[in-house]
Every structure is written in structure tokens, then in C-alpha cells.
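Here's the structure, in C-alpha cells; my notes come after.
Letters A, B, C and D mark the chains as written, and numbering starts fresh at 1 in each.
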Amino acid sequence: MKETLVRRVKEATLKDPILIEGLPGVGHVGKLVAEHLVEELKAEKIIEIYSPHFPPQVMVQEDGTIKQVRNEVYAFSGQDGQPDLLLVVGDYQSATNEGHYELTGIFLDIAQEFGVKRIYALGGYGTGQFVDKPTVLGAANNAALVEEMKQYDVVFHENEPGGGIIGVSGLLLGLGELRGIDAVCLMGVTSGYLVDPKSAQEVLRVLCKALNIEVDMQALQERAKEMEKIVGKLQEMEKAQMPYECGGDEDLRYIG
Amino acid sequence: MKETLVRRVKEATLKDPILIEGLPGVGHVGKLVAEHLVEELKAEKIIEIYSPHFPPQVMVQEDGTIKQVRNEVYAFSGQDGQPDLLLVVGDYQSATNEGHYELTGIFLDIAQEFGVKRIYALGGYGTGQFVDKPTVLGAANNAALVEEMKQYDVVFHENEPGGGIIGVSGLLLGLGELRGIDAVCLMGVTSGYLVDPKSAQEVLRVLCKALNIEVDMQALQERAKEMEKIVGKLQEMEKAQMPYECGGDEDLRYIG
Amino acid sequence: MKETLVRRVKEATLKDPILIEGLPGVGHVGKLVAEHLVEELKAEKIIEIYSPHFPPQVMVQEDGTIKQVRNEVYAFSGQDGQPDLLLVVGDYQSATNEGHYELTGIFLDIAQEFGVKRIYALGGYGTGQFVDKPTVLGAANNAALVEEMKQYDVVFHENEPGGGIIGVSGLLLGLGELRGIDAVCLMGVTSGYLVDPKSAQEVLRVLCKALNIEVDMQALQERAKEMEKIVGKLQEMEKAQMPYECGGDEDLRYIG
Amino acid sequence: MKETLVRRVKEATLKDPILIEGLPGVGHVGKLVAEHLVEELKAEKIIEIYSPHFPPQVMVQEDGTIKQVRNEVYAFSGQDGQPDLLLVVGDYQSATNEGHYELTGIFLDIAQEFGVKRIYALGGYGTGQFVDKPTVLGAANNAALVEEMKQYDVVFHENEPGGGIIGVSGLLLGLGELRGIDAVCLMGVTSGYLVDPKSAQEVLRVLCKALNIEVDMQALQERAKEMEKIVGKLQEMEKAQMPYECGGDEDLRYIG
């Protein structure tokens, strides 16, 4: 397998879907929100993406079976005024710079195929300190979107995030603009040290308002605990492996 | 040489062969078992694989001649109820993430060409501590295989290996599943610090039971000593070279 | 997006233009001079270059909108004896060795398309110490150019820059020579620790003399302050991210 | 420039030439010997090789002009019983693993084009200690060559070089064997800390005997001093740049 493999596992017909991306990142805020939505909305998996840019790894599950690390796209058909959704989730982001560009390109190809006109990229913004009052920081690929997001209490600080947004979340905005797709990044402010369900809850609240959907939030706390356990194991393994790959990302604080 | 080279050195006709992979890894358990099988079964080398993903290196042998680092596939035609086998061994695993994916793809191509329906990926699971009673930890790419392996005293722990299985052994299960090939990983529990013949013996015992073959185990101890010497030299060289490649793998503990 | 994208945003007809490159580097001298020229001459952006060799990142601007990191080419049509110019500026240089080669090749393709016969590559030369009297160090891809530059007070030291010139500035000279294009590198001597407007002023003075143009230099100081702020933010982010990419370049002192 | 460029600068007709490779490496022994031969034999440059696998760099020469880093092939037409030669020299070896494979492939293509039947790969073997009596360590890609080399006082130690030979010198033997070309590596034993003219002299002596040629050795000492100066400058620059490329090679001790 030399090339990234996009594997269709189910057909889906969606009407003007909105794409939501929540891959691993700071405080796993984006991942937590997106996977919560997949579960609560009972979205269906339609695409699996395998790539040499992911770590060469399988996850071992509780029953002894394995799962090849991958990214996945789920589809949700909204009812009673809910919008249709495409949800991008996964075990890892690319381990290489080039891979971020390639995978973002693939996500945008899928978006265009389904007629997506708006993207929400979810992530965390790590402050390195205990966060008192959870807020959601924003960035968008045009000024009208910035204004629109402000009405959902998304905060736009002149100086944050300092240097920019790295990884798929950032590129969805940047490369999305080149394809004429509106995209906004919602970043839950978090310490960045742990999987942060409180920050995720705040992002989810903003997102639900913007999407005009309602989801139960109760399971979020529990999901965060479960995720923390898995993340902990991965970090342990990565630490043990550090001499191999010349860099672990357990302290990784990129936004997205 | 910009591309991986698959060099056929001998024709072979096998009937429903089982593929066994034992490349270098934790405690060199997998390598030790697979190379022991090659020797004891007098398997014949049929394929050599050269790749830019391997270190740019030749090994110097005792007589002053050299050997280009590579992976090799050996064939064994079973008799009296023994199964036919394909054995994958080698000096190194890929030095890059992408290379693990590419080489696993090549091994699976070869497997499919020969009609392989089952793969045993052999490795070690490093605990970082002295191991009292050697056990064999398992993972498989479907639930039926997990059950089958339990009857050979393969242990499936809910929490081990923690984060997953990295390298060719893991990918043979993950990418093998995408091609519909049953694959199981047998990991000898080991400290991970030295070439571990005791752990290898345990893996070999499980494997022989599962394959319904018998091999003498006496030479295993000696082979481990020989391998330890070579590994030691390689580690020395890698240490000396560390500034060059920005990471050695002498403490490498990946599973597989 | 697997390949570098050259995006034409405006047509331009230029007569025998001179290409000036000022990408980020030591003391951001080259970037400061080239961007100052773009502003003062009101040059028009004609090309945007996006590449997987750049960091996978967007910059967040003051109004909450983002900008995909990229390189850009501006065109200036000279009047009253001023030469026509192509100006190459950008947020980053390539993050990989190969990318430097590829992007330089692209800049030279553009140069040839417009009939460029001379290139000025601007950069800084970091001494690691406070610089008393700003000077401009030079290198060129033929001896006649060396002589010509000496008349503009460009200094050629036998021993500096010690080992060579790294990055796009160096390659524009080296690969430019293979295509028969005259190219000179002007390096402002600088401590290398901060964005250095004094060093930039000296480079600008030499360049203006050589080009026979005049530009106001007043805004240079202010621009340097603005750039210092952005660079500071990027460095902070890069520092936070170091475990991720196994190397930051905040102490980067390459010339060019 | 995305691909390695092989640039023919002069035609040459050679009869059964022998290829000699001396690229930078431990103690710069190989480079010193090969460049000395180029000078003393007045060999002519016939090929220049530029590659994205080399550092993105130009060298600045004493007169202020630059030289793009590259590898070069020189041709020598022997007279009075001297053999014809192809000499491979250069500023750098590849900065990537894959590049070593690609460039070795290119050197072997050139060798086959000229009908080369034997290769001498020159290098140093660093002991990390002061070397009392210079010796030349050998390795070869077949047993007959090992025996032949012993008659020129080349030493073959059971345990040295420990783990193997890394870089182009090693691959010329390994990949050369796959193409049926005899190849031997001559390694001058050296401390590895400095450019070592004494070790180079010993390698040159062995090589001249094997080739049946005579060259003056007087200039070797001076050439070593000159090379030491340049190497020192490069190392300084590389040290300054280390955070950029995540590894310098100033302590590099690979063989070849």
C-alpha cells in the first residue's frame, strides 16, 4: 500500500450536507465532540480512509481483535429541519506535513462530491493553564462567517491563536477557501493536558445552536473518560517508542 | 534504485500455504522463531526484497564478503500432514512509516499470489521487566481466530498490548483484513532488552501446535547467542551514527 | 493536495523584469526588504504558490479570518527608467530539503517565462553578535557579477559565509546558473536574533542603487516591529509544537 | 527541480574502465584519495549530478562566486599499461536514506554504460582513538575479491566493521553484486575526528598497487589541510543550523 486508500463502505444520498471534522488534537476536544455526534445521531459510516501517512499501527480492542488505524466519514440524514451532516473522525491525524495536505485534499474532494457548502472544523486551543470559564475561540475563511459566528458566542481574539492553526482543521479553512467552501474553526479553550469534556461541551453547545440540532450531552463525560484511557495507553506506547520515530506527540498541542 | 525491488530467486509451487512473518523487533523474538524454522525445516529462499526504505547498508560477514540488507521469503513444502509454509525474515524492518505500509502491501501481494488464507505474525511484547513465566500474548483480525488461538494457550488481555501493534506485524493483521486474509499476531512476552530465546521457545511451541508440525528446539539457545552478537554490533554502529539519522532504535520496543 | 499548486491570480506583461526574492530567513532581512518594496512600489500580486512542503498551517488575522501559508509573486511595471520587477515573498520557506529544490525550480520556471535575466536573492548573514556597522555581504554565480556588485559597496569576504548559502537564496544562484540566469545574493550582516530593520535598510540601499530606483525607507522600522510581533507568535507556537515535528527553527540561522 | 539531474558535460570513450568512488565520509579518507587522483591524473570531468537529496546549498568560493553542491564523475584514459578510470567525487552524500539508494543506482547505471567490471569504494573506518599504524580494512562482494585484496595487504577482520558499511560505499558493493559487478571497499583506519591524510596515503598506496598506477603523494598532506578548513566551515554552519534540520552530522562516523 503506497497510496492513501479511500474505501467506500456504504452509499449515501445527502441534501446540502454540512461537513464536521473532529480529529485528534489538543485536549481531544474536536474528536470528543464529533464522535459524540456520531453516536448520538446514530450516523452511518460511509467511507474509511487508510494512509501511509498514518502511523503503521493497529489498535488492539478489548476482545483481542484489531482495528487498522484510519480516518472515517459518517453520514447523517437530518429530520424535522435538521441539516444533513458528514462527520469526519479518526484515530490519528497524519504523521507527516505532506500527509496533512493530502488528507485535507481528500476530505475536500468528498465534501465537493456531496455538495458541501459549509465546514465546521472542531479543535481545542491549549493555554497550558487551568481554564476557569470554558469559551469557544473561532476563526473562519471569510469575514461574513466571523460575524455570523459571533452571534453564537464564539470569541474572536485579536491575538489568539497566536501563530495560526495547524493540521487538518487549519487546512480545511485555508484549502477550503481555494475551493470556495465556507469553513469555520471552533476551538474549545482547554488546558491541553487531558481529554477535556467540559471544553467539548461548550463547543458542542455552540455547534448545536449553529446547526439548529439538539443532542443529549450526558454521555459526553463518560466518553471523555473512556477516551482518556485509550489516549493514555497510546501515549505510553509512543513514549516507549520515541527513539524509533524521533519524536512523540504526547505533549502535542497543535490546534485542530 | 528508487523503488522497492522484488527479486525472484527460485520458483515454488505450494498448496494452501500459511505465511509466517518474523522480522526484527522487541527481543528479536519473531526473527528468532522464524529463522529457526527456516533452518530446521530447510526451507528454500524464493524471493529477496530490496528497498530504499531499509537503511542504506551492507552487513560485513565473517569471511569479508558483504550482504545487502534485505527481507527474504522462504518456501517449505510440508510432508506427512505438515502444511506448506511461506516464511518472511530479514535484517531490518522499514526505517520509515510509509515503508511499513509499502512492504506489508508487498508481503500481502505475495501471500495472495500463493493463495495464502492465514498469516502468523510473530513478535515480542516488551514489559521492561524480567519476565518470570513466559507467556504468549495474542491479537487477531477476527473474533473466531481469537477463540481458536485461546485453545493453544495464547493469552488475550483486555489491556495489552496497550496502544496497539506497530510495524509489519500489526499491518499484516490490519491490511490483511482488508484483503480478507485471516491473520493472528503471536507476541512472546519479554523484557525487551535482549534477544530472548526463552520467549521465542514459547512462541515456537504455540506456533508448532497451531501448525501441527514438530521442530527440534535445541539450536534456539545457540542461535539467540549468535543473534545477540550481531545485534550488539549493529547497535554500536547505530549509536555511533545517531547524529546522522536523528534517532537510533537500540531501545526500540515496538511489537512485532 | 499532493502537489505544489501554482495559482495565477492576475495577468502581467513585463519587459525584461528583474526577479527579487525575499523569503523568511536570518533576521528576516530579505523578507523585510522585499515586502517593503512590494508595499512602496504598490506591486500587484500575480501568483500564489501553495505547497505540501510548507507547514500544514493557516495564519489567523486580526479580524478572525485566516490566510493559508504560501509564497507569492508580485509584479511591478517600472516607469521613468525604473526596471520592471518580479518580487517573490512569503510566510515560510520549505520545511523539507527537497522542497527547497522544487520551489526554487518553480521560481526559475516563472523567471524564464517572464524573460528574467537577473536575480537578486536577499537574505541575512547572522554573526551571533551585535553588529556595529551594517554591511552587505555578497555572492554571485559568475565573476563579472561579483565585480559589478563591488561598485555598490557589496563586500566579498574570502571566508564568509563560511560554508555556503542554504535555502532558496542559495539555490537561486546555483540552479539559476544551470539555466544561464545571472544571480547575486545580497546578505545583510545581522546578529540574527531579531528582525533587523537596520540591516534591511542597508540591503535596500544597495539594491536601490543597483536597480536605479528610489523608495522611501521611513516605513521600514515600523514594518520590522510588526513583523517581529508575528514572528514572535509563530516561534511560540513552534516551540509548543516541537515534540510534534522533532525540530523547531526558532534558532534557525540559515542564510537567505 | 524535483528529480535528480544527471548532466553530461563532456563525451568520453573509455576501455574497460575501473570505477573509483571517494565521497565524503569518516575522516574524509575516501574523498581525499579520490580527489587527489583526479588532480594528479588530470582526469576530466564528464558528468555532474544534482539532486534534491543533497542539502539545499551552494558553497561560496574564495572569489565570491558560488558552486551548487553536487557529485561529479571524472574520466581518465590510462597510458602505458595504466587502466582507464571513472572517478566519483562530490561535496556531500545524500541527506536521506532513499537518496543513497537512488544515487548508488545512478552511479551503477553510469558504470554499466561504460562497461565497468570492477569498483573500488573508498572510505574511512573510525575507531574513535588515535591510530598508531595506519592499515586498510577491506570488504568485497565476493570471496575471490577478498583473496585478491589480501595480497595488497588489505586486512579483513572477522569483527570489523562491526555492523556493516553505510552509505554509497556499502551500497556500491551490495547493489553492484545484484548487477554482477565486482566491488571492493577499502577503508583507511582512522580516528575519525579529522581529515586524515596519513590514512588516505595508506589507502592510496593499496589502490595504486591494485591498479598498477603510480601517483605522487606529496600534495596529499596539503590537500588534507585545505579540506580540513572547508570541512570546519561546513561543520560550523551545520552546528548553527541544527535546530532546523533536526540533526547535524559533524560527529558522523559512517563508513564510506
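The criterion applied here is as follows: a contact is a pair of C-beta atoms (placed from the backbone, for glycine too) under 8 Å apart; a residue touches a chain by one contact, two chains touch by 3 or more.
Keep in mind that this is a model prediction, so the values were computed, not measured.
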Would you mind working out whether chain A and chain C touch using mostly the same residue numbers, over half shared, or mostly different ones? different
Determine, using the mean of C-alpha atoms as each chain's centre, which chain is farthest from chain A. D
Rounded to the nearest Å, the gap separating the Cα centres of chain A and chain B is 35
Measuring centre to centre with CA averages, how many angstrom lie between chain A and chain D? 50
Numbers and ranges of chain D residues touching at least 2 other chains: 246
Sort out for me which residues of chain D touch chain B in the complex. 94, 97-98, 100-102, 104-105, 126, 128, 138-143, 146, 156, 158-168, 170-171, 173-175, 177-178, 185, 246-254
Provide the residue numbers of chain D that touch chain C in the complex, in ascending order. 1-2, 5, 7, 50, 52-60, 62-69, 95-96, 230, 233-238, 240-241, 243-246
